[in-house]
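Note that chain A is present in both complexes that follow, paired respectively with chain B and with chain C.
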Partner chain A sequence: MPLPPASGTGKYYALAAKSIRLIRQGCTNRPFFHISVTQRKRLNSQPVIEQLGSYDPMPNINNEKLVALNLERLKFWLGQGAHVTSPVAELLGLTGFFPIHPKSYMTSWRNRQAEQDRLKSEKEAVKSTA
Partner chain B sequence: MLSQRYLLKRGLPMYIQHAEAHRKPRWLPVAKSKIYRIPKRPVVSEDERLELRRINNAYNTQMRAIRRFYVEDWVREKSSLESATSEMSQRLEADEWLKCEELNDKWNKQIASNREERRKKELEAMEEFALLRMEAKDKALKERIERASEKIKKEKELSTTFVTRENLEETIEHVLANPIDYNFAIDSKGNIYEGRDTEIEYEDKKKVEAAN
Partner chain C sequence: MSLLKIVRINTKHIFTKHNETNTLYISNRKLSIVPSVYDQENPAPKFFSSGIQVLLKRLTRPEFSKVFRKRTNNNTAVLKTPVYKFLTDEELNIEKEKANTNADRLLQMPPVVKLHEQIKDVLSKDPALVGYDNATYMFTDITFGVANEHRIIVQRNPDGTLESCDRDTRKRLNQIYFPLQGRKIREPKVFSEPDKFNGLLEGEKYEYILDRACVQYEPDERKYQEITSITYQHIDLHSKFNLLRSTRHFGPMVFYLTWHQSMDRLMLELVQSSVVREAVLLAALRQAVHNDLSNGEDYDALVSEILPRPIQLTKPEILSEEDIALDTKCTDLIDKYINTSSSMKSQQALALQGFREYYQQVVDLSRGLKKAHEYRGEWVRGKPEGAGWRYYENGNVYFGFWRRGQRHGYGKMWYADGTFYVGYWNMSKKEGLGMFVQVNGNRYEGNWHHDKKNGIGRFYHLHTGQLQEGCWQDNVCVMSKMSDIEIRQFCYFPSEYPIPPETLLESKKILEDSEFWLKQQIGNIDNKLKICIDKM
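== the complex of A and B ==
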């Protein structure tokens, strides 16, 4: 008996809450995600309703993390009242489909602060040695 | 976890390995080495907290608007689709249906004529095959009868030489008068000398005697 397709079965209960989430499809030490719409109570290992895109979190040779999205279907499912999990909302914020997610802002300013602190400490170390 | 009901009623008999399968079960107690460990709470400064609250509020407001926009968009699209199904589109659909029916009839006729031809051909082939089989069977039967009659003829011919009650005495006398000796000798060249008492003429008698 074949497994249900990862691209979605297209079967769902009309009244059940839907969720657009990342579903891990890679193997050990190689993460890869499908952006799929499923019923909200389903596990990530269970069949999905439809695949809306993919996300490769490992940078390729051009230092890019690739994201593919089916925006038309995404709009449709948002119209159906599907929930969007925060990792997907962050990705959509970076693509410009949604406003930038607060978490993105937070990580960026924290990273910026850490970088500044590092530079400062390096400068001080250079001064103390000189 | 999968519920028992799902496991029983699922469409596919699948076994899926879960990430939780190799983790510590929930009912195991805290490890001895970790029993007095208190995890550190993340420190968020007041400024950061206020800023986060502000941007979160803004984000939530914007998201609500976006979501409502898409829902309304969907509702609008649906209503337009529904209005499109009335009158005009119905007439168009009826026309389309008629066209489709005509085309379907045409195809059906074509297919029917093709089928008729094919069936004729098949019937002919079947008849031919049956005739061939019948002929072959007739031929075989005839041959068998011929073979049998030949055998009968032969037996009849042979029956003239049979020993019967009438000519029994004669035959016995004839046999006694002409005895036949089936013994024979054979030399290294393959010559056969019939009879028990036949004199053998050697080519060079002396040589043979010398050898003996």
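== the complex of A and C ==
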């Protein structure tokens, strides 16, 4: 099925609530997301109002995750009062466009903790074997 | 300077790798050319200045058969059916204008600019984000209508810093989201593998290399400048300048060689192929770039003389006097240049000597040809005397006898306006018996004096069918008798009524004497003219 144009094909009501969210477009075992604005009550499988960018969560050969953002249109839809879902807000926080999302801090703190625990347990394992 | 570098680097390799003969050979071959990039002074202001651009374009010597040659290109059909048309002069001029603008487009030179500087721009540091992810997040602003170089592209590193991307990453991401046709995201092997690159150089695929480099790299990238530098030096070493002529890369190459003070081999090639005018332009380019020649004003003056002249694509066979004067000036100036500022004095002096000898031959030939075009025939003491042809500059042609450079004796003259004279001449003037035919066929037969009708003669009005017999004085008929000729009815515009036969007795008496006299005289002319016309 060919992709719809980035300008979107979905019909929408001017006064209805909009949301900017990640919509999964990849295939099995290969996630790929569009950052799109759509009516809040619509399903992700339904046509969107407009695509604002893309996010590839799988690191490429250079260990990079690529995010594309149409900042001009993003600003427009934010001005229209669109709601931003937390995954998108996290990305925008990392960009420097939004303040860093609290969830990001929590994730990184948890990751650091997990790493410390792992190191600790490894050390103990080494001691016990010795 | 570059030679010193070569020697230094080669010796280093010889010292370090003297035991590995194989490596030594390859490294030697690879490193025999040391790339030099524009990393000190910015060359752009000089390269883009109008004076230098004009010089570079002229030195490119665009030949349309090469500029518009057939190319194997994915997008355009290789073979197009040519269209032949009849055009008026105006239409032809329009077509020529179009061809010129097209050629300008095809010959646009890749810019020569300074090496770019690395971007170091940290936007924020957030140590609390350490551990969020192991990968780097790359953010690209894909807002419509922003140029590649102004696009916002930032990265969030695993240690939590947010910074602008460096040049290479920017280029890669731009290529991912806004691909340029022909540019590859991974560097092509021809550029990344030295063996393949050397193979192309050995195969003299210079234009291919440069075109490919233009597409793959930006002109301010180090890699681009290194590749072009090696290619230019390779061309220079092997004097293969002709391969790059009429292409857009010739200007930057000349600029590169001039910038690095190594344009003497090009100068030698120009003198050897006897294009002294371009040699002067090249010296003027050096003067404009470095300002290190002693007599700079002479070059500027001569360049302003050379530029309005048409481009010499082939060696001229016939020279006008103006050309000869200009070329002599050019030769003298180049002679001075070679003696004062050249680094290949002996070879260039030899080439210039060769050119001078060749040029003298061409001058002699063209001057001789000119003389031959003017007069062909017998000569006595440096002047035409005897029988000969002469082509005048205004288009007249004379064939007949000459004396001391003047038309003298029997001869025929075809005038440029279509009239014709056959008869006798005296010191370039019509004198004695002769026949003069006008364009419409009317003719005068009779006596001439001082280039004018003088004396007894007859004039045939062939378009109306009359014959006028009489006496002329300084082109004016003073006394004549008109009569019909037998074919009056068959003329283009016969007179309405025939001239009636003489009826008046008195008039007959009056005319009798003069007519008898006239007839006697004309009878004499008839005999003489018969001889004259028989000769024709």
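What to note about this one:
To be clear about the criterion, the second predicted complex is superposed on the first by the 121 of 130 C-alpha atoms of A that agree within 3 Å, B and C clash if a C-alpha of one lies under 4 Å from a C-alpha of the other, contacts with A are read in each partner's own complex, and residues count from 1 in each chain.
We take it that contacts are C-beta pairs under 8 Å (C-beta built on N, C-alpha and C of every residue); 3 or more make two chains touch, one makes a residue touch a chain.
Note that the coordinates shown come from a computational prediction; the quantities given were computed from them, not determined experimentally.
In this superposed model built on chain A, chain B and chain C occupy separate space and fit side by side.
When the two structures are aligned on the shared chain, A:Gly96 is found in touch with chain C, with no touch to chain B. Of the two partner chains, neither chain B nor chain C is touched by A:Gln25. When both complexes are overlaid on chain A, the residue A:Gln39 reaches neither chain B nor chain C. When chain A is checked against chain B and against chain C, the one touching more of its residues turns out to be C. Shared-chain residue A:Tyr105: touches chain B and chain C both. When the two complexes are overlaid on their common chain A, residue A:Pro59 makes contact with chain C while staying clear of chain B. Within the superposed three-chain model, A:Val67 lies in touch with chain C and out of touch with chain B [touch as defined at top].
When both complexes are overlaid on chain A, the residue A:Gly81 reaches chain B alone and has no touch with chain C. Superposing the two structures on chain A brings chain B to within 12 Å of chain C, judged by their nearest Cα atoms. Looking at chain A, you'll find residues 100, 105 touch chain B in one structure and chain C in the other. Contact residues of chain B toward chain A in the complex are 2, 12-14, 16, 18, 48, 52, 55-56, 58-59, 62-63, 66-67, 70-71, 73-75, 77.
If you check the complex, the residues on chain C that touch chain A are 123-124, 126, 128-144, 152, 154-156, 160, 162, 173, 176-177.
For chain A in complex with chain C, the touching residues are 53, 59, 62-73, 91, 94-96, 100, 104-105, 107-109, 111-112, 115. Listing the residues of chain A that touch chain B in their complex gives 1, 3-4, 43, 45, 75-76, 78-81, 89, 98-102, 105-106.
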